[in-house]
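Have a look at the structure that comes next, please.
Residue numbering begins at 1 within each chain, and the chains themselves are lettered A, B, C and D in the order written.
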Amino acid sequence: MDLTCTDAEEGFRAQLRAWLAAVLPTLPPKPSPDNWPGRRAYDLGWQRRLYDAGYAGLHWPVDAGGRGATPTQHLIFLEETERAGAPYVGANFVGLLHAGPTIAAEGTPEQRARWLPPVLRGDEVWCQGFSEPDAGSDLAALRTRAVRDGDSYVVSGAKIWTSHAEVADWCELLVRTDPTAPKHRGISWLALPMGAPGVTIRPLRTLAGSTEFAEMFLDEVRVPVANRVGAENDGWRVTMVTLSFERGTAFVGEVVACRRTLGQLAAAAKENGRWDDTVLRRKLGRLHAEFAALWRLTQWNVSESEATGGVPGVGGSVFKLRYSHARQELYDTAAEVLGASSLDAGHEWTLDRLSSLSYTIAAGTSQIQRNIVAERILGLPKGR
Amino acid sequence: MDLTCTDAEEGFRAQLRAWLAAVLPTLPPKPSPDNWPGRRAYDLGWQRRLYDAGYAGLHWPVDAGGRGATPTQHLIFLEETERAGAPYVGANFVGLLHAGPTIAAEGTPEQRARWLPPVLRGDEVWCQGFSEPDAGSDLAALRTRAVRDGDSYVVSGAKIWTSHAEVADWCELLVRTDPTAPKHRGISWLALPMGAPGVTIRPLRTLAGSTEFAEMFLDEVRVPVANRVGAENDGWRVTMVTLSFERGTAFVGEVVACRRTLGQLAAAAKENGRWDDTVLRRKLGRLHAEFAALWRLTQWNVSESEATGGVPGVGGSVFKLRYSHARQELYDTAAEVLGASSLDAGHEWTLDRLSSLSYTIAAGTSQIQRNIVAERILGLPKGR
Amino acid sequence: MTRVHFQLTDDQRDLRRGIRELLAARFGREALRAAVDSPPAGLRYMWTVLAEAGFFSLRLAESDGGVGLGMAEAVLVHEEAGRVLLPGPLVVSQLAAGLVKGAAEGTAVVTAVDLARGPGQAGPLVAHADAADSVLVLYGDTVRVLPAASLDAEPLRSVDPLTPLHLVRRTPLPAGGPVAAGAGAARLRREAALLTAAQQVGSASGTLDMAVRYAREREQFGQPIGGFQAVKHLCAQMLVRAEPARTAVYAAAVTGTATDIAVAKLLADEAAVRNARDCLQVYGGMGFTWEADVHLHLKRAWVRAREWQTAQEAEELLAEAI
Amino acid sequence: MTRVHFQLTDDQRDLRRGIRELLAARFGREALRAAVDSPPAGLRYMWTVLAEAGFFSLRLAESDGGVGLGMAEAVLVHEEAGRVLLPGPLVVSQLAAGLVKGAAEGTAVVTAVDLARGPGQAGPLVAHADAADSVLVLYGDTVRVLPAASLDAEPLRSVDPLTPLHLVRRTPLPAGGPVAAGAGAARLRREAALLTAAQQVGSASGTLDMAVRYAREREQFGQPIGGFQAVKHLCAQMLVRAEPARTAVYAAAVTGTATDIAVAKLLADEAAVRNARDCLQVYGGMGFTWEADVHLHLKRAWVRAREWQTAQEAEELLAEAI
């Protein structure tokens, strides 16, 4: 067991730090949250700088245009960019972390050549069309239908929770191509051009008041069969494969951010006198332990990925269960530090508290995660 | 809504208080926990005094030899006896609170005449033979078999969690008389004479180190058919009927006791300096709220029983869920007040802490109670 | 002879049914969503309707033109108001009846600011300052009345879209004498805490009802989600939270003691906040949208939990009272 | 080229397997139950066997006759000891190797008493005082060694049948000079807290294994209880508690900082206590008997949670260290 980095890793870190220190002050001002074209331009601009500096697709395989970095290097990259306050991946999220890796793993040479370079260079934005209003946690129950018609699929249905839909060029879309097959077996993966006729986007306002997400309605949209990645009806497997790219690093930036917030909470409590409340102070101490342990668990999972070359897989569910609860507790505690000001939605922590309500729901509710942990890790039987 | 008592109720309370003040000092010394014959004699002696003073079977119907008191009078009785430190119902528990009421409701005139007076007078002790090792929470899955042979049933099987078995005269026994019927439909209720050949009692040591409970093994024990209460195979309904006797008063004494313990905890914390720990002090404040609310809920349920003449029924599950959790928290907090002394099993609160571990398990686990609340009160569907 | 003790009387049941029907008919979900989307609308109209029904004059003596009912009945109507998220300074306006001209008749909207609160308070907040005519100013042991327009306060972006909040910058004490001295302020704080607790209990029941309804209807993995034990047990715990809180509120309405009110406020705040969160969990993604009402319950519950008595204050009071 | 960072090395895996096999072979469940039913038996024999395996001399330099391993390895063996409820003052005896004659060789059983603990402590407790030869006395910044027989202490009825406890009445400081001055006591406290945390993590994993095994086998309502979501989710949360605690313990073993050790102790104590309680809930009535091992885990976890660093101490330390 060892928590030090190799000389090479430390070198990588030092070089990255120096670059961040140089480049961050040269960035344009951040656009306002409602300025979607501005956000697209800002996020793509940042991606282009990463590309020019050789950091684009750090964790992608070399043959997909990436750097083939180790999980530890990727962890260092995420840790340092978060610490330096670099822009978030933002509009590039789906392209870099999901659709891109899927195409890299399962696409044809032509598909890789068409779609991967623009993602890495910061030329094109992807969004994700997986969730559906009626499917919810039962993702594989999706009903958006694609019917083959010559060289095209004709796609109709509704998707939800599609972020950056307004400014995306492409959507990685899961559609049902065989309605008679068992639900996991009749799904295909398509690259949908967002400009295609029949695509309608409607912003979806969340309880935090923001329109981060959208609904997407598809009315007989024609998608070329050539845009299908993987075999027909093999889309469920195709999209699950992608998780192997993540290798334990999924929450690196978020844990770093939470630890920074915790420091700010302690400072604010000392400032406004709440620090003298033993109950609050001990809660802050407990949160220190939570996020310190989550950081160690991150390091452990990343090291494991590195050692085995494999996927952390369901172990990610253990992390997510603990993390999502801890982060909600962090913002509940922030509200106690703020006192009456916690009712001011103009305060960053209050908005974050609202957003944090989704952590136990999005990307698999805590209930679903506990099923996964119990059945796939602990080997408990499926119930009646 | 009203929380005052009528003049008649206040009169009852005053009379009871006066009697308790007079009689309690005349009681013999309490026997040690391991002295079972002594405990039997002590508990029956107390019951005899209640009988002589006219308090025996307060909540029983008049035609069963009881006083037919209102639920509110019963609440006052339980509250005052607990406050005065009167003996617990102890060995008389099953006779007074379960087997007796069952016989009163479902027995023939001969059965009532045979078994009820000795319970009220403090002449005979009953125990309960319901639970079985393999049935657990699924009580109706019991497997102890009774085969009819002339005027007798021949009973074989094993029972568990039978308290006071060593000193009981009778056992209210649930047996399977029709192994082919659906599980709730093949059960009968028998009065088993504990001295019958083939009955073996083995004390069961709990994690608290005590032998409050026993296992009971039945090896071809002959029980007269005349000892069956209710129809053959109707035992499940027969035993469930009894709950109507309780009418919301089940936890009166326990809530009063918890509130007294809470007062002692606060006093001890002030004494040893722990009171200055804000975290602990606020926990005690919270427990104050818990038990105050549980007391109000008790009053509400009792008033409801009185108003409707009915059974609180599944509402008892709501109470039990909240109460069992609160009581475990009470003793966890006691451990914090005690500090290192919480590791001394010679301390009453440490033993109580150990016993309290059963509250979320015994008489229906919290998991089972939540099912009952969800399905029978909230009307949620049974799952697959 | 049996007698009903701690239960609703027939009159109280009728009152509850009446207010429930009135609120459903006049301030139903469409009205609520309209209020959410254009916040300042309709408060004055609502006050007229409520006043007609006797909402504000409920506890005023009949000889003073009131309905002549007690705290038990006040608690019941506030519970119903909380259940349907009725907006506005209902608690203060009702308590102001008899103290502030027009309050009983619903022609004056009254809010309050308490200048004697504990730590953790950047500055006192005042709700519905723009819509209010008058503000009760609680300072130490006294209650004074100020025209709402004279408040020096800046608006916040309130977390609850239905409860506009202002941060009081400077509160000049009104020139006139107090309308209620001594125990007046203490009593007003207690009664306000209790009625706020009643609204919290109503909210906790409302979110439970919503969760149960949704769990019965929403199907996933081939069955209603209410068939899954995890969802079932979430809902069961919501009831386990709401019921003792409700009886605690009713008991406090009967006794009126500071201790009983602290019990009620502490448990009702917890029930409202946690039930709203559990309801959100049952709704899943669907609850995370602006269009769902779950978040409105949660946000209002957060606001109320900070009004009149916080958990910290209640717990300290209750510890001392053991 | 990839390199393994924060993972067990092959040697560490072998060590863990070795100690696990040794404990299973020599101190299995029958031996444990025998010890429970006749408490003082066999500690000295156990010490001999453990010493032969290098348990006590693990961290002593090879030049001093030790195994020459580090805190990471010590943590692994204590985790295994905790998993199988191995009794005795294992932590102190290992830490005493090199300080107390015979400790490394297992011929001296060593316990400890800390006279510098915070509030909530009626008097300091000492474990296994009767079986011990020597006692480390921590007083302020120094560590002294006292013959165990010279302790003026009265026995308690220990809640843990496998950990006899004495309440120290009067502790005369030993005449001789301290065996470790200054940072010696602080370091010993830290290391003892960490090794105790390692035992807690082992216990938390042990009760998880027990719960999962029982949930797979025990049938109710026509299926294994592990098929019910309520039981499934209890078990899942046990893993969610144990895993972060384990990595926190491993990380603290690598860094040795007071902060990392407080993180480890706090989370490991919680994991051990709460996992034992959840395991008991899964076992139902069967877990409530003396014959089941669940209660032994819970009671030991309670004892360890009060040893060396309590939750209160850890939380305060961690708050200051934010």
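Note that in this section a residue touches a chain if its C-beta (ideal position, glycine included) is under 8 Å from a C-beta of that chain, and two chains touch if they have at least 3 such contacts.
It should be emphasised that the depicted structure is a prediction, and the values quoted were computed from it without experimental measurement.
Engineer: When A-C is set beside C-D, which has more C-beta pairs in contact?
Structural biologist: Of A-C and C-D, more C-beta pairs in contact link A-C.
Engineer: Using Cα averages as centroids, what's the distance between chain A and chain B in whole Å?
Structural biologist: Each chain's C-alpha centroid was found; their separation is 54 Å.
Engineer: Can you compute the centre-to-centre distance for chain B and chain C, using the mean CA position of each chain? Integer Å is fine.
Structural biologist: Chain B and chain C have C-alpha centres separated by 40 Å.
Engineer: How many angstrom between the C-alpha centroids of chain D and chain C?
Structural biologist: Measuring from centre to centre gives 51 Å for this pair.
Engineer: Going by the touch rule set out above, which residues of chain B reach two or more other chains?
Structural biologist: 277, 279, 282, 367, 370, 383-384
Engineer: Touching at least two other chains at once: which residues of chain C meet that condition?
Structural biologist: Each of 228-231, 233, 312 in chain C touches at least two other chains.
Engineer: For the protein chains shown, what form does their contact graph take: line, ring, star, complete or other?
Structural biologist: Complete.
Engineer: Which part of chain D faces chain C closely enough to touch in the complex?
Structural biologist: On the chain D side, the touching residues are 228-230, 233.
Engineer: Which positions of chain D touch chain A when the two form their complex?
Structural biologist: Touching chain A from chain D are residues 2-9, 12, 72, 208, 212, 215-216, 222-224, 226-229, 231-233, 235-237, 239-240, 243-245, 247-248, 250-251, 253-255, 259-260, 262-263, 266-267, 312, 314-322.
Engineer: Under the stated contact criterion, what part of chain B meets chain D in this complex?
Structural biologist: Counting only chain B, the residues touching chain D are 131, 133, 135-138, 141, 160-161, 204-207, 209, 272-274, 277, 279, 335-336, 338-346, 350, 354, 357-358, 360-362, 365-367, 370.
Engineer: Please name which positions on chain B make contact with chain A in the complex.
Structural biologist: 277-279, 282, 383-384
Engineer: Which of the residues in chain A come into contact with chain D in the complex?
Structural biologist: Within the complex, chain A touches chain D at residues 1-6, 70, 72, 262-263, 266, 281-282, 284-286, 288-290, 292-294, 296-297, 299-300, 302-304, 306-307, 309, 318, 321-322, 367, 369-371, 373-375, 377-384.
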